[in-house]
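Here the structure is laid out as structure tokens; the discussion comes afterwards.
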Amino acid sequence: MTARIQLPAQSRRGEVIEVRILIQHDMETGFRFDDVGKPIPRNVINALSCHYNGVEVFRADMSSGIAANPYLQFYTVAEASGDFVFTWVDDEGRQDTERQRLNVVG
Amino acid sequence: MKRRRFVAGVAGAAATLALPGVVRAQVPLAPASTLDPLIWVVTRGELIRRGRVTLEMPQLADNGNSVAMRVLVDSPMTAAEYVRAIHLFSDRNPQRNMAVFYLGPRAGRAEIVSRVRLAGSQRVTALAEMSDGTFWSGFNDVIVTLSACIDSLD
Amino acid sequence: MWSAERRLRPLRSWLVPAACCALLQVTGIAGVASQERAIALEKLQSGRVFQSEEVRALQADDFANPGMLWVEKGEKLWNETAGADKRSCATCHADASVSMKGAATRYPQMDGASGRLLNLEGRMQQCRVERQKAPPFRYGADELLSVSAYVSHQSRGQPVKVDIEGGAKKHFDAGRAFYYERRGQMNLSCAHCHEANQGRTLFAEKISQGHSVAYPIYRLEWQSAGSLQRRMRSCLSGVRAELLPYGAQQYLDLELFLAWRAQGLPFEAPGVRR
């Protein structure tokens, strides 16, 4: 799945930083019908987690109430330079991951 | 439209808005309360306090399929006192549990921004679960003309 | 209180006088020289202006704009090889930010070799089949939309300028005629909304001037990005007219007319609309 992460270009140790992620996914609600009237099965990203240098700093359980092409913005405290690793899974069991490095000074 | 002009006139910059009675009466009421079974699963009957939770959403959603949502909880976010989780509930969507966001002391700030689906004009409730076991809630009323899930369009 | 009748009343109250005005204006317009502009160049406004603050903010946010997911996917596809010779778009066109800058603003255009009018997607299909020797993308397929979004995005900020002379003239005239022709169960032409009633409110939305400079757009209603032709089909559906299939000549001609109509407006792909 196409996904993009945004972290600050540079951050200071102890600074609260903004983390953003946008994932391309239909988040099919399960309440829609196709053009011959057959129900389209639900398939949403139901779980997402973010690990920063191996430690979970954010987790989300999601349902059809989150819009298609889910966007999430949250905050975390910058500690050491390292990778932000996002993993997520949808109802069909498709799992994906995306990572980005954060540079921390000080 | 009369309703929209009324809402625009009254609202100002307020994050939360009590809808005029005539609109609220049309919405099948399923407000988040201690008695609500979905809320009970989380709180187990614990008192839900009002305050500390701000839920910002537009007064009038362009399209129920994608409505901006910002939830902010007033908390120092230290190891001693932090927000454990924020639960989002809809009082009208066919699936009332919208999301749960798990935070912790490493968050630094208890704020989440996302985009949600709303199936019709309704009240959205945010329930914050604190590290000390207390529960706090806030809500936002949104008018939705093009509903997600139930209006089939295109 | 919220009976269907009450909801219809506001529609009916503006529709009758508006329709009368529209009728007068439209017949007036149809009677003048074909290159006279119903909306003067200095009065052109992008559809963005008619959207809410929230939608405008989403479009302006280069990270959160969901249309950018298609642009990113398009960039991946740009560099992906295809066909027997394993050529990618990059093989011939190298860096799109250089080679494709301003390209989308010149479409639709006449293809010298075939004598056909091609829109951007048509040109890509031609490249795929004739130069990459690969099977064409299905019209409306996500791959085609993604590369179209990527290429269109390279023209962001560039003014639209299409050529309507020579071989293009008959397509321009056909597109213009289509624009001003009434159609559908509601018997409305494009001009009834987008010229006679632009800026006015229809239900909860403001009617735009109907320009094509933001395409492909991410439409909240579609929960996805989509092409200009998809939007045209939505309009046809709105007036209860027959939906022509994707790639129909009428759409291509109309695309040319719309591009001429928006002359000078800067490209803003990927746009976000409700």
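Here are a few things to note about the model shown:
Each chain gets a letter, A, B and C, in the order it is written, and its residues are counted from 1.
Keep this in mind: contacts are C-beta pairs under 8 Å (C-beta built on N, C-alpha and C of every residue); 3 or more make two chains touch, one makes a residue touch a chain.
Everything quoted here is computed from the prediction, not taken from an experiment.
Set against one another, A-B and B-C show the most C-beta pairs in contact at A-B.
The most distant chain from chain C, with centres taken as the mean of CA atoms, is B.
Once the centre of each chain is set as its mean CA position, chain A and chain C turn out to be 32 Å apart.
Chain A and chain B, compared by their mean Cα positions, are separated by 20 Å. Averaging C-alpha coordinates per chain places the centre of chain B 36 Å away from that of chain C.
The residues of chain A that reach two or more other chains are 27, 67-68, 71, listed in rising order. Contacts with at least two other chains are made by residues 223 of chain C.
Contact with two or more other chains is made by residues 65-66 of chain B. By the touch criterion stated above, chain C contacts chain B in their complex at residues 1-2, 10, 51-52, 54-55, 58, 201, 203-204, 220-223, 234, 237, 274. The touching residues of chain A, when paired with chain B in their complex, are 16-17, 27, 29, 31-33, 52, 55, 57-68, 70-77. Contact residues on chain C toward chain A in their complex (touch as defined above): 63-64, 66, 68-70, 72-73, 76, 218, 223-224. Against chain C, in their complex, chain A makes its touches with residues 2-4, 6, 20, 22-24, 26-27, 67-69, 71. Touching chain C in their complex are the following residues of chain B: 1, 4, 22, 26, 58, 60, 62-63, 65-66, 68, 145-146, 153-154.
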